[in-house]
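Structures follow.
You will see subunit A twice below: alongside subunit B first, and alongside subunit C after that.
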Partner chain A sequence: MTALLDIRDLSVSFDTYQGRARVLDRASLTVNQGEIMGLVGESGCGKSVLSRSVLRIIPTPPGSIDGGQILFEGRDLLRLPQGEMRRLRGERISMIFQEPMNSLNPVFTVGNQMREVVRAHRRAGRAEATDACLEMLDAVRLPEPRSVLRAFPHELSGGMRQRVMIAMALICNPALLLADEPTTALDVTVQGQILAILAELAGRQGLSILFVTHDMGVVAQLCHRVAVMYAGQVVEIADVGSIFARPAHPYTQGLIASIPGRVSSGELYAIPGSVPSPIDPPPGCRFRPRCPHAKSGGCSDVAPEMVRVAPDHSVACHLFTSGGLP
Partner chain B sequence: MAAHPFLRELQLTLKILSRNPSAVMGGVVIAAMVLLAVGAPLLAPHDPVKLSLGERLMAPGAAHYFGTDELGRDIFSRVLFGARISLSIGLLVITVAGVTGALIGATSGYFGGKIDNVIMRLMDVILSFPSLILALALAAAMGPSLVNAILATAFVMIPKFARLVRGEALVVRELPFVAASRVAGAGHGFIIRRHILPNCLNSAIVLATLTLGDAILIAASLSFIGLGAQPPTPEWGAMIASGRKFLMDQWWYATFPGLFILFTVIGFNIFGDALRDVLDPRIRR
Partner chain C sequence: MSDELLRVQDLCKAFPMGGGFLEGRKRWLKAVDRVSLHLDRGETLGLVGESGSGKSTVGNLILRLLDADSGSVHFEGVDVTRLTGAELTRARARMQVVFQDPQSSLDPRMTVGTIVSLPLKILGLARGGELRERAAASLAEVGMGPECLDRYPHEFSGGQRQRIGLARALAADPAFVVMDEPTSALDVSVQAQILNLMGDLQARRGHAYLFISHDLTVVRHVSRRIAVMYLGAIVETAPTEKLFETPAHPYTRALLASVPVPDPAQRRNLARLTGDVPSPVDLPPGCRFHPRCPEAMPHCASMEPPRVVLAPGHEVVCHLHNRK
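And now, the complex of A and B:
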């Protein structure tokens, strides 16, 4: 498989009143052709910033991309001129967001907005654009696509709106879809339907998805591979089977242990402590203050590098660096 | 078959408006003024600019409902034709000021930062003058004519629209559909035109109705001082100015144009207020 999206050592920071916050610190990951890549981590770990950086929609200032590369189809997106970047958005890379409630402009009909997207990217007459919209609405299994096109956003339910958003995102047949917690605001049954639609479309159109979520259940259901983020760093990448069967990083182990219902009885496990501040992160391994295996010395002095522990399984933890703990 | 969505919304707005007493009252006054203005050539019994020196300063009566002025012109006819002038002045001023102000405000609010700061401080400079005084100075500098009076009035109204729309734009630009549009490849100009401006329209319309009265008043004031409409144009403000000299003995000369200004301005203010309530999305459904 070839890498469609290859993010290398991406660092992003934001200026705040308390100082400069390094929200992404040399984060690297790849998304292969036709693959659904999960990106998990708790709130504030930088997973949304990572997905937004790909499309360069981080507000600058206060944000700034300090270093790294984002290679998409071989081109570095960070060095692309504005005009080309704009052409890429929506056409080769699309994005869907968490809030389906406000993702559509309330003053125009759905059809009006969908046709606009089609016609922004290719020459199409009104009728032709309408046909494309109907076809796409059908693909996301919205009943009565014609009346959906005529409806205003407030006349649709949250699930319907998110389906419209997916249809809009995929209407130009992009190679990559960035999904930033698209099912978080929806109830579980609707969430299941949306995931099924995404999986089906990915399989049929050869679409790659970078799926940002904090829900390990969703990851297990949908993704092929998973990247786990902690405090702005990618700490573990593996195929979905290995992540659940043999989680290597203590943080990943903690995440999996805290999924409700996996332990039959007793109190739900929670990782002790809280996420470190991105303004003044702890030296060495950022997870050390919360890690049950932390040793004084090595863990607090040297930041662990990514090491491969299995063919498709890498982790950044001193438990696995050569020779074990220093 | 369902009606076009826009018509459906319009129908709903009208329905809610018709249940609001002040909207109905304001609406009736405005509608009456518009009817009088449009039908002036049919309704006016006399030519508004024809001199008839034999009938100077006649009291209101069957021949001249509102009496005549010092040159024997029929005041009722002049007031009717004056409605055409005042209403079109008001509309022109609001259109020019509204469109310019909304564009300035939307741009300012959407980009934010330095651009916003510079633009809004400029608007503050304009706002720091009392609007009538500034309009007066501008009109005097440009020379007395109706067009100049309209431009001067429009200019002093721009910051009101700019500020209002900027405030709304600051809210709208953070909404997810703006981000969604950007990731779909939209440029800044497109987003301002398609997403920011339409979502600020509600409050801009309310402000337009509310300030239409003010615009008419300022333009009439300019004409009153002689900086606006020039004789023999039957403009309300100009009529009051010339009627002022006769106020002691011929009360009708200045009173009727004055009453028409009063009703028009009150009509627009009441209607604007009601419209604000009706367009509030919280009570809409």
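And now, the complex of A and C:
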């Protein structure tokens, strides 16, 4: 299986008043054809920056991409000229965000905005573009697509707006969808509907999805593989079954143990301490100050590299580096 | 029923919509519609519902942060909805609240010490140097040191700010605390810290919680009983395990089935309901859930469903369970 998207050693930093924040530190992951790849982590771990870097939509300055490669269909997106990058956006790679109201223009109708996407990417008359829109709205199971096209965003509910965003993102039939917490703002019954649509699109049309979320429940229900991020680094990648059944990294273990409802009652596991600042991260392993297995010496001196512990399971932790702790 | 702390009876609240110069006829949004619930001393009642279900409004009505249109709230034997002046202040000292967003519920221009001691000052429970002492003691209970007293909210992380909110709520030693989505803005590892802390504090001090949340897994973890709200009304009340094992209302069933279980071995179809929650303005006639209900019957659209007691403590408002 060849990777559709192959992110290698991506480093991104932002200038802040407190100093330069290394928000992504040599992050690597792949997304295969037709696969839903989950990208999980807590707020500030860099998961949104990573997904936005793929489309090169992080603001520069204050941000800057310091190194690495983003290979998409074999081409490095970081070296692509602006014009080609613009053609790619919306046509081969699309993105949906958490708050659909902020992504839609309030003063234009849905139809107006959707047709614009179609006609930006291919020669199409108004009627042809409208037909494409109707077909797509139907695919995301919006009832009465014609009246939706005539509606303004504020006339739609949150769930309907997110479906419009998905329809708009997929109207040019892209190969990759970047989904940045698309169901976080939605109620749970509506979230269920949206997740079902995404799973169906991936299964039926071979769409690949990089699904950014903090919700391990959503990951378990939707994703094929998972990358776990902590403090700007990818610390573990595995298929979804292994992540939940055999989490290798102490952070992943803590993350899963702190989910309520897996044990019926009693104390939840809480990871002690808090996430380090990206401006002055601890040397060596970034999780060391909170890690129950940390040893002085190796963990605080050397940053652990990703090592393979099973065919589709890699982890960056000194517990697994050759010969154990240095 | 000697240890009953709170009894809410037929609470109603409607907000006016429109009626202005350009807005046409005035309409009413029924945020809370004949809600009844009770809470014993030291117990936790979970109140779950989707956005717009009126769960936060119920909390605000009980605390008298909003005035009810009708109904009663008996707290420690006194009807809070009728209290005024000094009596209301006394009752309020016994009931406190922690809000969802610790960013906006803590005054950025006050030090943490001032924030935590403010209820004591307003309620007249302490003065002078004692204020600071009691604030430090309250902070210590939530795991924060006295060095925090002179710092400002922005210097703390979200989880620590929520601890400060909890310290403020507990400073006056209340019998009842409304937790309005206290962990919704927090990451899961921090959420676990706060939920554990809530449990420890309750075990030590014996206060009761009304835990308002949209997150069923969190509510299940903390609550002894759960009330499910839909469009302003409670549709089902049950002991926690009963609700999860034998949910009776079709909405409760759909809600439970929509929760993404954090276990890839238990995958299922999460799309149990179609459509969104309708607007609480101009509620549908009959049962308010019937337009989305997978088990709707013809008379659901015309007749209000009855309240049916299925077992002690397990009540449901639905025609399906009406055996007449």
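The definition used in the following text is that the second predicted complex is superposed on the first by the 326 of 326 C-alpha atoms of A that agree within 3 Å, B and C clash if a C-alpha of one lies under 4 Å from a C-alpha of the other, contacts with A are read in each partner's own complex, and residues count from 1 in each chain.
Throughout what follows, a residue touches a chain if its C-beta (ideal position, glycine included) is under 8 Å from a C-beta of that chain, and two chains touch if they have at least 3 such contacts.
All figures in this text were calculated on a predicted structure; none of them were measured in a lab.
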Touching partner for A:60 - first (subunit B), second (subunit C), both, neither: neither
First, second, both or neither for A:2, with subunit B first and subunit C second: neither
Touched partner set for A:99, first subunit B, second subunit C, both or neither: first
Touched partner set for A:190, first subunit B, second subunit C, both or neither: second
Partner chain(s) touched by A:152 [first = subunit B, second = subunit C, both, neither]: first
Comparison of subunit B and subunit C by subunit A residues contacted: C
Contact footprint of subunit A on subunit C as seen in their complex: 50-51, 157, 159-160, 187-193, 195-196, 199, 214, 216-218, 220-221, 254-255, 257-277
In the complex, subunit A residues that touch subunit B: 55, 57, 61, 86-91, 93-97, 99, 102-109, 116-117, 120-121, 150-152, 165, 168-169, 178
Touching residues (chain side subunit A, partner subunit C) in the complex: 42-43, 143, 157-160, 187-193, 195-197, 214-222, 240-241, 243-245, 254-256, 258-262, 265, 267-271, 274
Subunit B residues touching subunit A - in the complex, by the definition given at the top: 2, 5, 113, 175-177, 179-187, 190, 194-195, 198-199, 201
